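In what comes next, chain A is part of two complexes: it sits with chain B in the first one and with chain C in the second one.
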Partner chain A sequence: MAPKVKKQKEIVKDERLQAIVLTDSFETRFMPLTSVKPRCLLPLANVPLIEYTLEFLAKAGVDEVYLMCCSHADQISEYIENSKWNKPWSPFKIQTIMTLESRSVGDAMRDLDNRGLITGDFLLVSGDVVTNIQFDKVLEQHKLLKSQDRDHIATMVLTKASALHRTRSHSEPATFILDSKTNKCLYYQDIPPVNGKKSSISIDPEFLENVDEFIVRNDLIDCHVDICSPHVPAIFQENFDYQYLRRDFVKGILSSDILKKSIYAYITDEYYAARVESWQTYDAISQDILARWCYPIVPDSNFLENHTYSYENEHIYKEDNVVLAQSCKIGSCVAIGSNTSIGDGTIIENSVIGRNCKIGKNIYIKNSYIWENSTIEDSCNIEYSIIASNSNIGENSKLNKGSVIGFNVKIDHDQKIDENIRISSSKVQNLDKSFITSEDEEEVDDDDDDDEDENSFDYEIVGENGTGYIYESEDSDYDDDASTKPVNSLMYQMFELTLSDDSIVSQSQIKHKKKRSYSTTSIATDYGEENFEKEALETLARALENNHDLDTALLELNTLRMSMNVTYHEVRYATSTALLTRVKEFIGTDTLNNKEAVEKIFRQWGSLFKRQIFDEEDQIDLLQTLNQVINDLGLEKQTLLYILTILYDVETLEEELILKWWKDNEIDNEYVAKFIEWLEEAEEDDSDDE
Partner chain B sequence: MEFHAVICCGKGVNLNPLSKVKETGIAKALLPIGNKPMIEYVLEWCDQGQFREITVVTDSESNEDIGKVVESYSIKTRTENSQLSTIKMNIFDGDSTGEILELFENDPSEFILLPCDFITDLPPQVLIEQYRNRESDDIAMTVHYLNQFESIDKKSLTHYYTVYSEDCHLLDIHSKDSVELSKALELRAQMVWRYPISKVSTKLLDSFIYFISNDALQIIKRELPDYRLKSATKILRDLGRRSWKHSDQKNGISLFVLPNECSFVRSDNIPAYMEANRYIMKLRAKAQQQPPQAKEKGAATVGADSVVGENTLLGERTSVKKTVVGKNCKVGKRCRLTGCVLLDNITLEDDVVLENCIIGQNAIIHNKARLTNCNIEGSYTVAKGSQIKGETLTNLFIEGESASDSEDSEDNSDGYDSYEDDFEDDFEDDGLFER
Partner chain C sequence: MSSSQTKDINFQIDSFVEKLKRRQINGSYHVALETCQLLMKVVSVAKWNHIDQLIQHIRQLGLRLEKAQPREFSCGNVIRRVLAIIRDEAFENEGNNNELNAPMISSMFSLLSTNDKKSNIQPLINSNTKSNKYHDLKSIIIQSIRDLIDEISSIDEGIEGMSADLIHDNEILLTPTPDSQTVLKFLLKARQKRKFTVLVTENYPNGVEKAHEFIKELSKAKIDTVLIPDSHVFAVMSRVGKVIVGARSVFANGGTVSTAGVASVCECAKEYKTPVFSVAGLYKLSPTYPFDIENLVEIGNSGKVIKFSESQLVHNTGLTNPLFDYISPENIDIYITNIGGFAPSFIYRIVLDNYKTEDVDLS
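Presenting the complex of A and B:
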């Protein structure tokens, strides 16, 4: 039966155009909002972002769409199920693919390869693209290039703009080095933002052989629309360490002597293409849509079936049933959803207001985005801000530039929200665990639900009757200097080259999407687990025995993890077991005593855990696992203490998490208790110093 | 005319063994192209441009010789045309061309720095107009060209990565050698921010024709304290970098690429020198149109694209094709010369066959020698019946290799070696980032 199906596939191979949509960006730029909703479902001009991508795909004549879903996959799949795309008359077949374990674009691509869905050249887009590109031209060009250059594996669609164009990413700028004649990509390099640190693009002259003239372009918008050949996922599979599509994959391909593949750029300047990848681009693209720059992507195209926007002069868009008070003033470039009422004396300019909002009297709203079901009481002043759904802003409050009010947040009256403050209704775990403002925040509640302790709201910000927490972005790690301007902010304004600002975004930092709230074990099958544990233990035992280097061991583990599709918990469990078994061996043969054995093994191999831990939960889980394995193997209790000290030392585990773990789990271990005591004291000393 | 043309006569390191690098050689500026010292072509070119002032800068060693040539040139041309300015001589024994600028520190005019070794059919007015039409805040202009002569071996040309903006401003120059050495072509992120579209050419060649405004001279003096140690090319490169590495945009350097319609060649290496000779021969052949009058039987034949200098004797049945033969040479019987350049006072005995050779002055080639693709130093003696291919023959006594500290760094690719080091320094020193 199976081969028959395959045969059929091959017959239709050339006719189907497949599209892979990466709904997850594996970034945290839209935190804290993305802790509640995935990026691709956030509304842009009152339409969920994914709609723009799907509209584009529909226009491009795609036949099959696969959505690679990771965080909030359930929400996305639910949304798609109920959308028009799932109806019988949908222009393409749509399917959501759960790739919950993916932690980077690379992982998603490898998963894609494992599933074997790709049959021919396919379109790879991210779920946040807004574009009206005429895709058939791109495809034609791609085919032409492919016929000329057999090694051609990907065409990147880039649009011409300027270096500081508002829809261009300011936080992740990149330069493309292209052959001036053929637009063949010779090199790719991320560069620090304007006025960032001094750095240079260094190109190996080998890449430049036989090139008469090339061009270095820092003015292109990379909207992540690529046409890839089926080799691409396979190349990701071969290169486990590829995480990013551009930084790793494109660069890797270009600098590889073995692969000898080429990537071309398709540069267009007549169409609109941009990615909503930061607040800055969110703002810019919203304004472009309102100002009809991306026609036919305008609110009155009514992409969603139940939308009823109509166009009025000066780029004002209104749905049915909008109630406007007589004396309110609606400036140019405004969109207002249905059932929204706007009170007397209110002025709105360059803004988007969702459905069912209640906007009071004498309010000034400028360049802001208010999502559905929000209430803004009288006399507020809102500039360059985002107010997510179901929020409530009390009377006479002022939101300064760049503030982001999360879902369900309530701001009391007469509050003043400072620039670039982000507020969420529930605490959002910060992966970096960068140190947050107040001490009591360390007792972070794990749940995403709203059953927070009433006492811990940031009342200073939201007011006595408000609800909400301040969200500290990871980026804050890097701007030590309070005066610097975050790149990822609505308040980007027009950057001037002369502005001084130290680098805010770390390019090298690997950022991961927020922690996942699914119970991960449900995904892995029992069959996979059993095998994995056995194999992983063998692999590690071999590594320890033969003293392999760390990277090799990691690579092998990673291979196993992916081929068996197990969770990181399994990996940690296996690693702990393997290491501790080795310790036990040493003790059993009297070669070393307990402490020495742990020291020897964990000093060298402890770093393995570093690549298996991604958030706080993982750390706690590791501690639990270690404790459990020690008990299972019947090792002495001190062992845990020795391990803790080492892992703490090599910064695999963090102090506050060790403390938290200790508090949350009553563990009977007097040795560790001492260590905890010591930690607490040290911390107190620390705070005394300050 | 507001311009002051400065002709820099270098030693001609890459013209070894013909140039003054060797004891027996002639100063580079005086090496003949089509039996005319190459500097005369440059002077002729200058006279077309009617510059306010012309200065020839030479080292003390060859000053006298070049002086004589310049003087006789002046007498030849100047007497009829009194409008032309006189040509001044200036002695300069420094190590880098940057120092030449120092000589003219107090001169308020605009400069044109010229090499002594170029031949072009492009009138100077084109460049002057180009310079005058530059953007108002550009302070200098560099002229680049593409090599049009396929027979010039690519290896003998000094290649650069020339970085320039979309609107033709010089941004940076990296020599291929230094890039090769460090295995990386470093482009500054700052530059890409300032000029988001920058082109990098691997084929553009430096003509060493630089227009330098007085403003530029002031800036060089003020902001590049060590300019005396650098070559002019490097100074221009630094000015190019200066335009983007500061927080506010500074004066640019415009870059002009010679159009493909014109010919331009710099005889700064042996193959190019040969090619320049051939180019001149071709022009002459075209100009003459009618073939030279038929000679009596048995006499030597000289092709239309060849030149034979004064007092040169050609033996019976000798044929000369695409070849320049200098003055006071003696060529024996039944010699065949094809595509060669023979300097003055050379003696060829009978039955010598030369193909694509350059023979230095006073050389002697004995009977039946057969040389192909050879470069022969002056005063060298080629033994009877030698058969040599593709070699450079030099006299045996070993000279102190003074080549490396040559004044003329446009010939000297070493000039860029210290490049990577001072790149970092440049960025640290200007203090602009300590806001």
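Presenting the complex of A and C:
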């Protein structure tokens, strides 16, 4: 029998299908829980999230799976090692890849490219996908399209839903503009969270050239299942400022004139596909699984070896050895793990309860997710909440909508937890934890412990005998508004979302604050600007010293600017400082005199400013900045004159604006005054000639 | 019997279980065949000193397979058939060789006293004939499983043979199970000798596509075919001569599990005293009793009933989409199997012929 199997494998190998699973989301939406466990190991309907993705891959007939692990990589690889996927009869070969230094999807893709693992078209999924899609159909279409359109590099799988569908991401909704005939994606625009302020999207008419008919769709669930050609990681490599798969990559590809690549969408209506990317979708997808929308991915399929779920009417799933008191009421859509006991008079609706939980008497649990080994004492009231493993909720407590109780937290009796409060057992700093490798985290934790000797638990929340800290959500930093909070919380608050067409927010507000993820130090400071200045100066100094290409230096600067989200003023300031420091160095070492030094540096590098100024105000600001920097560095006054002549020469600065600046700001500089005089004369001559 | 062989078989068992769980093997026919093939491999690799070890081994395997897809009964049925085969063969073998012991056991006295004697005698016999006997038995069992595979794969022929006798010219038939291949072949065979009309129910929401395929096949064979909505069954029942139903599983009490919607069709038929024929291969006969009817019914994809994109409905309605129906024995008039037609009340007898009572409960 053995040789036969081998032969088959050899045949398969020629066209093996590879899958890349991004286990890290590079987001902080599931904080504080993700500070302890990676997102893909959080249980959804009592099964770790990654299992759903791997089940999908197994059914899709994938031959090789690579898990890109970043934060908590050790936990993930340990889990995989002990799982059925690592057994010899696993339907595919699985391998974990540690990319501890990755800070975004872009980084992971670049790392992937460096490793050269990709041999052909591959499947790119994130580690939190739940789907029952029939993949061979997608692959077929991908191949068909590829034979028709040689520039086709990726197919995105999208599910039809509706704009405010509960399973659709409300924190990251996106609009796709597609060619209505071929489903070719023409444009992609992410829109800010649906929080009552609906914004507009603007499309460059250029994109719609040569298109007969297009549709704008804001009703699709983007589950991040893509079939990509091997070019995709390479494109990430070339464009090292790409961070996000959709926001940067898809948009970048579509709006690039040089690449001329196309991306298609595969829209399915009959299958289920969604992604657990926020608490809101966690809730929705749990309910969908329980209500069998994702059949055959249902709890009673018992994908995990030791699970023993069986189905009962009204979507109730029970494992073996569940102890239910006679007078408790289990409503529809409930799953209960083994060895859990539920006391008298308790009512449970639309919830998932893990293994070994002790649920007391007269408790009301609605739309909540209680993970394993937790204890809930009598007469509690829990709605729309998550209670992580090994927690303890005291008698008579009330958890209001959207509360998240972290691992090992203990809440005292008679406590009332307000809406959207998140509690964790160890203090999680308001840092980008998911961007920091586990080692760093330990360090941070250690630091915390030292502080904590004095700092005690947040007793006003957890009660006198409780343990736990409040986690301050970082969402406000992340998504522009603090109003993201309700969207990202567990509650499904359709009624709060008022969509009025009148409130069209100006374009500027749509701008995404990109994360400061490029900082080289592991502990990010709170002052992005200072950090930027330092970084930018270093970058430019390097460029000047090694005589880099102007474009390269510009690109690096731009990347820095975007990643740290600073204005062009800062960029100009940094550039001026860097150039003038260099000038000063030359003068200081007596290699060149003032004029020559300025001439040398600004002739070559002055054009940097060209790409940093866009309107009149910018020019005036630049002049002001230059003047200031010269004063700060203590350079001679004529330096400004030399710079002005050069910049005027290379047409970075316009005559009128120099004059305007001179008039508006009374500057004490006799050299420049002469230059101005000359300018004015020249202008007069010009007008005379006319 | 190297370790690589046992490794290989474990590999196959586990990947089979995974495939069952993932529903990559679907339909009772395929499951039955693949289970048979797997059992054949297991037996050919297995080592045993006493036949009970093999039986125990297969029982445990059966339990795992049943749990992998608890509502695919044909898997369990095939395992029980194989167990019955093994027990029969073993009994025959022992019957021949242990004639020496037989008189001793038959007396009350020997039952109490000959335990030690017996153990003395047995090794003697075993050492002489063991290896021979062992290989004989093994090849006999494998041959029997092969026969079973042949039986299953040719099961439709046996059923088809009776079709001309059961269907008259110009009769109107109704079938609510367009997903059954057996029903399709039954009708196609009958068409060779008879001319008749078939009404096919639409089977919304799970079987619409299959119903369309089904009527395409029938009309290709020049059978008058009418597709009717499920709600129309009662209205047309007065004109229907016979109802032909496919089965997923037939239980020892004569009840059957079939596609959702069949139960109501059978009720209608009863109201009009229309005979209901259930066509089922022998491998669909199960020795178990349907005690917990609710548990026999698989609940399918809710998305088939309502589109998932209907956000309001998805959020606000509770819905279930049962895939199967249980039909009680009173509502079925005759079972047509590959070994003949039987009344539901007689099914228990056939079950006894083919299965051993000790294997009904595998755990």
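Here is the rule we use: the second predicted complex is superposed on the first by the 444 of 690 C-alpha atoms of A that agree within 3 Å, B and C clash if a C-alpha of one lies under 4 Å from a C-alpha of the other, contacts with A are read in each partner's own complex, and residues count from 1 in each chain.
Heads up, the rule we're going with is that a contact is a pair of C-beta atoms (placed from the backbone, for glycine too) under 8 Å apart; a residue touches a chain by one contact, two chains touch by 3 or more.
Computed from a predicted structure; not experimentally measured.
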- Message: Let's test your reading of the overlay: on chain A, do chain B and chain C clash or fit side by side?
- Response: fit
- Could you say whether A:Ala58 touches chain B, chain C, both of them, or neither, answering first, second, both or neither? second
- Note on the structure: Of the two partners chain B and chain C, more of chain A gets touched by chain C
- Query: Touching A:Ser256 in the superposition: chain B (first), chain C (second), both, neither?
  - Reply: neither
- Query: Between chain B (first) and chain C (second), which, if any, makes contact with A:Ser162: first, second, both or neither?
  - Reply: both
- Just chain B (first), just chain C (second), both, or neither: which does A:Val211 touch? first
- Message: For A:Asp219, using the defined touch cut-off, is the partner it touches chain B, chain C, both, or neither? Pick first, second, both or neither.
- Response: both
- Return first, second, both or neither, reflecting whether A:Gln95 touches chain B, chain C, both chains, or no partner chain. neither
- Message: Just to be sure I read the superposition right, which of the two partners does A:Ser310 touch: chain B = first, chain C = second, or both, or neither?
- Response: second
- Which value in Å is the smallest Cα separation between chain B and chain C when the structures are fitted on chain A? 12
- Query: Considering each complex separately, which residues of chain A are in contact with chain B in the first and with chain C in the second?
  - Reply: 162, 219
- Task: Report the residues of chain B in contact with chain A in the complex, numbered from low to high.
- Result: 161, 163, 176, 179-180, 183-190, 192-194, 196-203, 247-248, 427, 433, 435
- Task: Give every residue of chain A touching chain C within the complex, in rising order.
- Result: 1-2, 5, 55, 58-59, 84, 87-89, 91, 132, 159-162, 164-167, 219, 269-272, 288, 291-296, 301-303, 310-315, 332-333, 492, 494
- Of chain C, residues touching chain A in the complex: 4-5, 7-8, 10-12, 14-15, 18, 21-24, 41, 67, 70, 294-295, 299-303, 307-311, 314-315, 318-321
- Message: Under the definition above, what is the set of chain A residues touching chain B in their complex?
- Response: 162-163, 175, 180, 191-192, 194, 196, 198-206, 208, 211-219, 497-498, 500
